[in-house]
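When the chains are written out, they are named A, B, C and D in that same order, and each has its own residue count from 1.
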Amino acid sequence: MSVSVQAEDFDVGAEMAALTSGRADIGALVSFTGLVREMAGGNEMVLEHYPGMTEKALEAIEAEARGRWELQDCRIIHRYGPLEAGAQIVFVLTASPHRQAAFEAAEFIMDFLKSRAPFWKKEAGGGWVDAREADEAALGRWC
Amino acid sequence: MSVSVQAEDFDVGAEMAALTSGRADIGALVSFTGLVREMAGGNEMVLEHYPGMTEKALEAIEAEARGRWELQDCRIIHRYGPLEAGAQIVFVLTASPHRQAAFEAAEFIMDFLKSRAPFWKKEAGGGWVDAREADEAALGRWC
Amino acid sequence: MQVLYFAWLRERVGLPREEVETSAATVAELVEELKARGERYAVAFKDMAAVRVAVDQELTELGASIKGAREVAFFPPMTGG
Amino acid sequence: MQVLYFAWLRERVGLPREEVETSAATVAELVEELKARGERYAVAFKDMAAVRVAVDQELTELGASIKGAREVAFFPPMTGG
């Protein structure tokens, strides 16, 4: 199981080392780390999620990526709860013999996760972050 | 200066932490790590390079990426010398407010670096690794 | 059946989840029943273009059947990542 | 002018760099002069489709001028990353 939904922070170096440890068949490792950007209305946000469905949704996205690309391994971590500006929110790591597969799979996972995993962002000012049309549109290229 | 050409290994976690430290304006961080895959003819290879030109070529690739995408920072590390199977060869890190810019810039840098930075791989068996047509073709999509 | 609400749907309805007895066959019919419960529900479900639904933790459409479902969740478009 | 060789060009020529006195105006003319130096050079430069060149550390073409150049380097297609 390589999907984690957690309140705690994560260590990208340790995650990458754990994935490559003891093997020499991986050629390309791509990571995406999403960070909380400083906001106009205060520097904290809260990520609400749907326990149970979140894990299922991320596992389904990972399975879809593994079906589409030659992946040797894959890791997805998504945090929830209160997060300050600068904090890590999400981490996606893909390993493949080939760089293009690793890049595309990581982009695919991020594109689906943005609009299909049940998370909702609320800014410190009290407003819920609106879904971006650009995020929905980004799914189009994978269909 | 964010380009390093070195014989020593590098620490991806430390590189990422150094780039994001003390700032909260980055939204997306994409890393690519290239690793030596185990080879048929022995598990060591040697990377030869052209000191002086290598640094210039990598800096030119980085400058081109910064001109094309909204990058807040960028880091390129490339090793040379003897490298064992499983070892890290190359590292590219891009930071942007937006994930698509960070992904595309990292892919662009890797595509150019593969065919335009003066490195040559020699396998333990004594044979020089041939350039791949797929690598040359990969440049086409950026032109 | 458990009905769950997230984000501003939770805030507008005023609770995160509730047990609902229903004979509705589809999500859309369930929404009509809920809207009839009072002002808070009517406000929450006013703009259904902004509401997403999951039946037993699978994203689906308003026309989907809820026969035999254990859990129906309503929430705004997702904003993860 | 310094002439540099890398990878199998270095191995075939038998040295990594040398000082060359030349009146060649272009890379192509320089290659012809070098090939005339002997068998090792002739073998190294036999298939020019497999040879890349940099003048003063900038990638360029065989037709490029080398007037005033300090450094001309020959090498196979690059295989970094």
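In the analysis below, a residue touches a chain if its C-beta (ideal position, glycine included) is under 8 Å from a C-beta of that chain, and two chains touch if they have at least 3 such contacts.
Computed from a predicted structure; not experimentally measured.
Determine the set of chains touching chain A that also touch chain C.
Both-contact set = empty.
Taking CA centroids for every chain, report which one is farthest away from chain C.
Centroid comparison gives D as the farthest chain from chain C.
In angstrom, rounded to a whole number, how far apart do the mean CA points of chain A and chain D lie?
Centres of chain A and chain D (C-alpha means) sit 48 Å apart.
So how far apart, in whole Å, are chain C and chain D when each is placed at the average of its C-alpha atoms?
72
Report, in whole Å, the distance between the mean C-alpha point of chain B and the mean C-alpha point of chain D.
26
Spell out, as numbers or ranges, the residues of chain C touching 2 or more other chains.
Answer for chain C, listing residues that touch two or more other chains: 81.
Scan chain B for residues touching two or more other chains and write them down.
34, 99, 110
Which of the chains are touching one another, listed as pairs?
A-B, A-C, B-D
Which stretch or stretches of chain A touch chain C in the complex?
34, 47-50, 52-53, 56-57, 78, 89-90, 110, 113-122, 128-132, 135-136
Using the touch definition up top, name the residues of chain A that touch chain B in the complex.
11-14, 16-17, 20, 23-38, 43, 85-86, 97, 99-100, 102-103, 106-107, 110, 138
Which of the residues in chain C end up touching chain A in this complex?
It comes out as residues 4, 6-8, 54, 57-59, 73, 75-81.
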